[in-house]
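Following this line, the structures themselves.
Look at the two complexes coming up: chain A is in both, with chain B in one and chain C in the other.
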Partner chain A sequence: MTATVAMAGLQKRFGSLVALDSVDLDFAPGVNGLLGPNGAGKTTLLRITATAMAPDRGRVEVLGRDISTGAGRLATRRTLGYLPQEPGFHRQFSAFDFVDYVAILKEWGNRRRRHDEVRRVLALVGLESQMHKRISQLSGGMRRRVAIAQALIGGPRLLVLDEPTAGLDPEQRLRFRELLGNVAEGSTVLLSTHQTDDVAALCQRVVVLLGGRVAFSGTPAELASLAAGRVWTAKERTADAELAWVTSEGTIRQIGHPPSGADLVAPTVEDGYLLLAGSPVATAGAA
Partner chain B sequence: MRRPPVLLVPIVVVAVGGVLLGSPVVALMFAPLATIAIVWGRWSFHRPTPDIGWSGPPVDVAVRPAAERQIEVSVWRRRGEVVRALGRIEGRMLALSPAFGVGLGFCVLLLVLFTFVFGGDNTTPWSENLQTAPWFVHPLAGLTVLASHRAVTRATRDGTAELFDTCPTNASTRTMGHLTSAWMPTLVATVFLGVLLVGVHLASALVHGPISSDDAADVVAAALLPTGAVALGVASGRWLRYTVVPVVVVLGVAVATTVLNGVGGHGWNPYTALSTAPTIEGPSPVFTDRPAVFHLLWIVGLIGLMATIAVLRDRRDRAVAMAAAVAVGVLVVAGIGATRPLSSSSADRIADLVAAPEDHQICEYASARIQICTYAHHAELLPAFVEGLAPTVAMLPPSAGSFVLRQRYLERVDSLPPRVRSRLVGVDLRRPPGEVALTDVEDVDYFPAGPSFALAFVAVGLPELADVNLMPAVATGQARAVVALWLATSGVDPEHRMADLRSPAPNSPDPFERGVIEEVGACSAPSVAVSAQDLQAARAIAGLPDDEVLAVLEADWRRWVDPAAGADDLLRALGLAPVGPFDHIEPRPGSTC
Partner chain C sequence: MTGTEWHASDTLLERFAVDPAVVDDARAASLEAHLIDCATCRISLGRLVEPTVVDDSWAQVRDQIDEPRLTVVERGMVALGVPQDWARILAATPGFRLAGIAAVVAALVGVVVSSRSTDTTGLFLVVAPLFPLAVATAAFLPMADPGGEAGVATPMHGAGLALRRGAALSATMFVLLGLTDLSIGGAGAPLAAWVLPSLALAAGATALGTWYSAPVVLASMGSIWIVVVTSVRWIDGRGTAFADSTTFAGPGRWCAACVLLVALVVIGIRRDRFDTMEVFS
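Entry: the complex of A and B
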C-alpha cells in the first residue's frame, strides 16, 4: 500500500538530548500505533509530522509533498487533524465555539456548513447536549473529547493523535476505540499511547521508539510474538525473570528466560513491548 | 474560587462612579442591576455541569463530513471568509471580556450622568456636544485596548498556539481576524453615541445650534476610536505579549493626548487635532474653524498604521509594504492639513465676528429700552433670553436707561488663531457704553439667571464681569448692590428667590464666602462681592410687594444707584429694620475653567 507519510533520516535534538536519531519510517492508511517510554521521541515525531516543529535533519513527505516547503506544509495542514499531547483550551469559550474556532482556522468559511460540521464532530464524541457549555465547566474527560472532536473536523486524511485516551475513563476509552475504528477508514492515523491494549485493539501497525530510534516496526501480532516462549506463570518469582508481576489469579506472570518445564502462556502486545523496552539486549539489538 | 459574572463588572463601575460623583440616581441603579446580574450569572454561567458519559455508538451521526471545505475557491476569497468568520467570533468574545465590560460600564455611567442627572442643565450648542464625543468614547477605547491585547495573546496564554499553528490558516490571517473584531466595539460606540445624543436632545430643550459637517466628522472620528483601540491592542499583542504592555500603551496614549492638547498653554493650539481627544476650543464654536475632517483622516491613518504593524509581525510582502506606505501617506496629509494655518477667508470671517459682532447677530427687544442680540449660531436661545429677562426688565425703572445685551468675544485674544490675531491688531475691542455682555451662554451656572444678574448689575452701575484679573468689585453695604440683587431675582417664585439670595456657606468663618450666592471654587469668577448683611437686606426687600419697592426706587433712582447710598438707608426708606454693621470683605480673584 502507498505510504501516506514517509520519513527518511529524521533527526531532532534539544540541546544535548537526542529526541530522534536517524528515523526512517513509512505510514500507510490505517491506524498506526506509536509505543515507547516517556522521552522516547514519540511526541517529537508526531509534532514534526503535524508541522508543529521542524526536524534538524531528514525529510518528511505527507501524501507525496515535502513538508519542509511552505506549499508542502500548507497542503499537509489541509489534510491534517491534530490532537496535541497537552491541548490547551480557551476556558471562556463554549465547546461549540472552540471547535468552531478551529474549524474556521481549517478554512471552513461557509458558516452554515461549518456549524453542521462542528455539530457532527461534537456528536461523534457524545457532547451534542453539552456543546454550549463553557469549557471551564466541563470535566477533564469531556474536555479531552472536545479536543478529539476538533481533530476530526473535515474527516482528515491524516490524523495525528498524541495520547488521545489520557484522562478518559475505561468506558470512554472503549467509545474512543469504536469511534477511531470508524473514522480511520481511508485515513492514516498516527496514534501515540502508553496503552498497549489500545494498540492491540486498534492498530494495524505498531512502531516502538526507544531513545529516539525505531526499536520495532510491525504488526501488533508480530510485537507480541517477540515474547513467544518467554512468558510464563508460576507460584513464585523465578531468578531469570526480567519482569514479573502478580496477576489477578494470584499467580506471578513473568517475562524473560523461562526455566525448563515452566508453564508458558500466550504472549500479548504488552509482553512484547515490555520485553523490548525492558531488555537492554533487545533494545541494543533493535538499534 | 468562582469568577464573578462578567455582567457584574460594568454594574460595579456604574455604582462606584455614581457614589464617587454623589449621584443617588446612579448609585441606586446598582442594587436591582447587580441582583439581576448575580441571579443570571448563577443560573447561566455557574450552573454545575454533570460529567456525562460517552454513551452509545454514534450510529446516527455521519462518520464522514457531509460537505467538504470550500477548497475550490480562490485563495483570496477563502482568506476573506476566514477573516470574516474569525472577526465574528472574536468580536463576540471581546464583548464578553471583563475589560470590555468595564468600558461598557463607563458608557452606561456617562449616559446616565449626561442625560438623567445633568442633562437638564445642558445649554451648550450641538457642535460642542458633538466635540465631546471622543472624550466620552475614550474609556471604552482604552479598555478595548486591554481586551484586544488579551484576545490576541490568548492562544499563547492558554496553550492552543501549537494546535492553531498546525491549521492551514496562517498567523497573519489570524491577526486580520483579530483586527476585524473591531466591528463589535465600534458598533457599541456608535450605539452609545447615538443613544447619548438622543438622550441629550430629550433631556435639555436648550441644546441648540446647527450641526455642521465638521461636527459629523468629530462623531465619526469618535466612533472609529474603538477600531483604533483594537488595532493598537492587536499590534502591541503581536509584538509584545507581556500582560503589562497594554496598560503601558494606554497610558502612553493618555500622555500623548495630554501633551498634544497642552501645546501653547491656553492659547491657540493646532496640534490638538493630532490627539485622539482634541480639546474643545474657545468660548463658542462661532469663533473657531476646526480641521475636523483632517482630524478624522488622522485617526484613519493611525488605525491603518497600527493594523499594518500588527500584520507585519508575521507577513512581510509587497501588499503589507503598500499598506504601510498608504497609512503613512494619509498621516502626512492629515498632519499637514490639521496643523496648517487658517485660510484667509476663515481668518477674515472670524476676525469680523470678533471686531463687529453687531454685523453678524440677530436681535430682539425685551422692552422698548432693552435689546438682546446673539450670534446666529445661538439664535435658538434668543427667545429663552427674552423670556428669562422679562421679570427684571419689568422691574427696571425707565430712568435706568437703555441697554443692549450682546454676545461678544470676551476671551483672551491669544486664544484665537494667529491669522485672526493679526487681523485684530489695532482694532478697538472695547464695549460701547450701555452694552451688557452676554458671556458664556454655555455656562450652566450662568444661564438662564446670568443675563438677569448682568442686566441688573449694569443698570445700577456695577460690573457684570470680573476685571482682567478676575477680581470682583466690592459693593458691601451699598444700596445699589441690594437693588441689583432684588432686580435680578424678580420673577422667581418666593421660596426659590429666598434660596437664591442666600450664601451656600452661611456659617463659614470667611466673610467673603458668607456673602456670595454661588459656590466658591474652580470656574467661579463673581463680578460683585457683597456681605451676608447685603444678602439679608435683599431677602427682606424681596419679601415686600414688588410695586411697593418699585415705587420707592422710581421715586429716586439716581440716589439708590449712587455708591454713597447705603443698604440700611434703602431698608429704612422701605420701612424695614437696618441690618448693619456690614462685614468687611477682602476681594479675591476668581478662576476660569
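Entry: the complex of A and C
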C-alpha cells in the first residue's frame, strides 16, 4: 500500500537533548499507533508531521509532497486534522466559537457551510447540546472532545492525534474508538498514546519510540509476540522477573526469563511493550 | 377543532408559501393571524411549501442562533470595513484582548500624567518605541493564538497572517501613541523622532524572534534601546533635552531607518519560521 507519510533521516534536537535521532518511517492508510515513555519523541514526531515544527535534518513527505517547502506545507495543511497534546483554548470562546475559529483558519470561507460543518463535528463527539457553553465551563473530558472535534473539520485525509484519549472517561474512550473507526476509513491516522489497550483495539500498526529512535515497528500482534514465552503467573515473585505485579486474581503476573515449569500465559500488547521499554537488550535488537 | 369556520384557498396559500411578499399586506396579515388558530390551514400550507424552502429557512434561523457574538474590537473592525471572518482572526491576536489594550491605555495615561507633572516631555520619546516592541512580540506569538498549536497547523497560519496581525496591532498602537503625543502638546520633536525608532524596534524584535524566544527578544531589545538612549544623551551632554539628543535627531533617525530596513530583509528571508510554532520560542 502506498505510504501517506514517509520520513527519512529525521532528526530534531532541543539544545543537548536529542528528541529524534535518524528516524525512518512510513505510514500507510489506517490507524497507526505511537507508543513510548514520556520524552521518547512521540510529540515531536507528531508535531513535525503536522507541520507545526520543522526538523533539524531529514525529509518528510505527506501524500508525496515535501513539507519543508511552502507549497508542500500548505497542501499538507489542507488535508490535515491535528489534535495537539495541549490545545491551548481561548477560554472565553464557546465550543462552537472555538471550532468555528479553527474552521476559519482552515479556509472555510462560506459561513453557512462552515457552521454546518462545525455542528457536524461537534455532534460527532457528542457535544451538540453543549456547543454554546463557554470552554471554561466545560469539564476536562468535554474540552478534550472539543479539541478532537476541531481536528475532524473537513474530513481530513491525514489525522494526527497526540494522546487523544487522555482525560476521557471509559465510556468516552469507547465512543472515541467507535468514532475513529468510522472516520479512519480511507484516511491515515497517527496517534500517540500511553494506553496499550487503545493500540490493541484500534491500530493496524504500532511503532515504539525509545530515546528518539524507532525501537519497534509492526502489528500489535507482533508487538505482543515479543513477549511470547516470557510472561507467566505464580503465587510469588520469581528472582528472574524483570517486571511483576499482582493481578486482580491475586496471582503475580511476571515478565522476564521464566523458570522451568512456569505457568506461561498468552502475552498482550502491554507485555510486549513493557518488555521492550524495560529491556535494553530487547530495545537494541528490535527495529 | 380549529376554532375557525373558514379556510384559506389553496391558491392563496400557495402564493403565500412561495413568496409572502406577493400577497397584499392586509390579506397577508389576516392570513397569518388565521394560520395561528387554524391547524387545517397550517397543514395545507406545510404541504404546499417546498421542503428545500423549509430547510433553508431553518438553516437561516439556526445560523442566527449559532452565529458567534462579535466582541467590541471585532465590531470596531467590521465598522471600519474589515470582513467579519478577518475581524475575528485579527481580534483574536493576544494584544487585542481588552486586558492588553486597557494595560496599554493605562500606561500611556501614566506617561501623559508624568510628562505634565514633571515637565519632562522627552519621557514620551523614550518610552513610546517600547510599546510597539511589546505589541510586536505579543502579535507574533503563535502559542498565544486562541487556536493554539492546532491553529498553527492550518493553511492560513504563517508569515502572511502574522504580518497582518502585526500591522493591525501596530496601526492601533500608533493611533494611541499619536493621541498621547497630541495630548502632551507634542514631544518637542517631529513625529519621525519616535515613529522611526518605534518601527525599528518592532521590526527588529520580529526579526530576532525568528531565532530567540519572546522574553529574550523583549528584554534584549528593550535594554538595548534604554542603553542607547541614555548613552547617547550622556555623550551629547547631560543637560541636553531628549528632543535634541542625537538619538531622536537626524543621525538617530537614519540609524533607525537602517535598522528597520535590515530587519525587514531578515523577516523576508526567514519568513518560513512564521509557519511553525517555533517563532518567538
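Please note the rule applied: the second predicted complex is superposed on the first by the 286 of 287 C-alpha atoms of A that agree within 3 Å, B and C clash if a C-alpha of one lies under 4 Å from a C-alpha of the other, contacts with A are read in each partner's own complex, and residues count from 1 in each chain.
By our rule, a contact is a pair of C-beta atoms (placed from the backbone, for glycine too) under 8 Å apart; a residue touches a chain by one contact, two chains touch by 3 or more.
None of the values given here were measured: they were computed from a predicted structure.
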Clash or fit: what happens to chain B and chain C when chain A is overlaid? clash
Contact-wise, after the overlay, does A:N110 reach chain B, chain C, both or neither (first, second, both, neither)? first
State whether A:A54 touches chain B only (first), chain C only (second), both chains, or neither. second
Just chain B (first), just chain C (second), both, or neither: which does A:V125 touch? first
Taking the superposition as given, does A:Q137 touch the first partner, chain B, the second, chain C, both, or neither? first
With the two structures laid over each other on chain A, which partner does A:V102 touch: chain B (first), chain C (second), both, or neither? both
Could you say whether A:L80 touches chain B, chain C, both of them, or neither, answering first, second, both or neither? both
First (chain B), second (chain C), both or neither: which does A:S94 touch? second
Which partner, chain B or chain C, touches more chain A residues: B
Contacts for A:E171 in the overlay, against chain B (first) and chain C (second): which applies, first, second, both or neither? first
Set intersection of chain A contacts, chain C complex versus chain B complex: 47, 50-52, 74, 77-78, 80, 82, 84, 86-90, 93, 97, 100-102, 104-107, 109, 111, 116, 150
Flag every residue of chain C that touches chain A in the complex, lowest number first. 59, 62-63, 66-68, 85, 88-89, 92, 143, 145-157, 272, 275-278
Taking the touch rule as given, give the residues of chain A at its contact with chain C in the complex, in rising order. 47, 50-54, 70, 73-74, 77-78, 80, 82-84, 86-90, 93-94, 96-98, 100-102, 104-107, 109, 111-112, 115-116, 118-119, 131-132, 147, 150-151, 160
Which stretch or stretches of chain B touch chain A in the complex? 45-49, 51-58, 61-71, 73, 78, 80-82, 84-86, 89, 93, 96, 154-155, 158-169, 174, 177
Of all residues in chain A, which touch chain B in the complex? 47, 50-52, 74, 77-78, 80, 82, 84, 86-93, 97, 100-102, 104-111, 113-114, 116-117, 120, 123-127, 129-130, 133-134, 137-139, 141-142, 145, 150, 153-155, 171-172, 175-176, 178-179, 182-183, 185
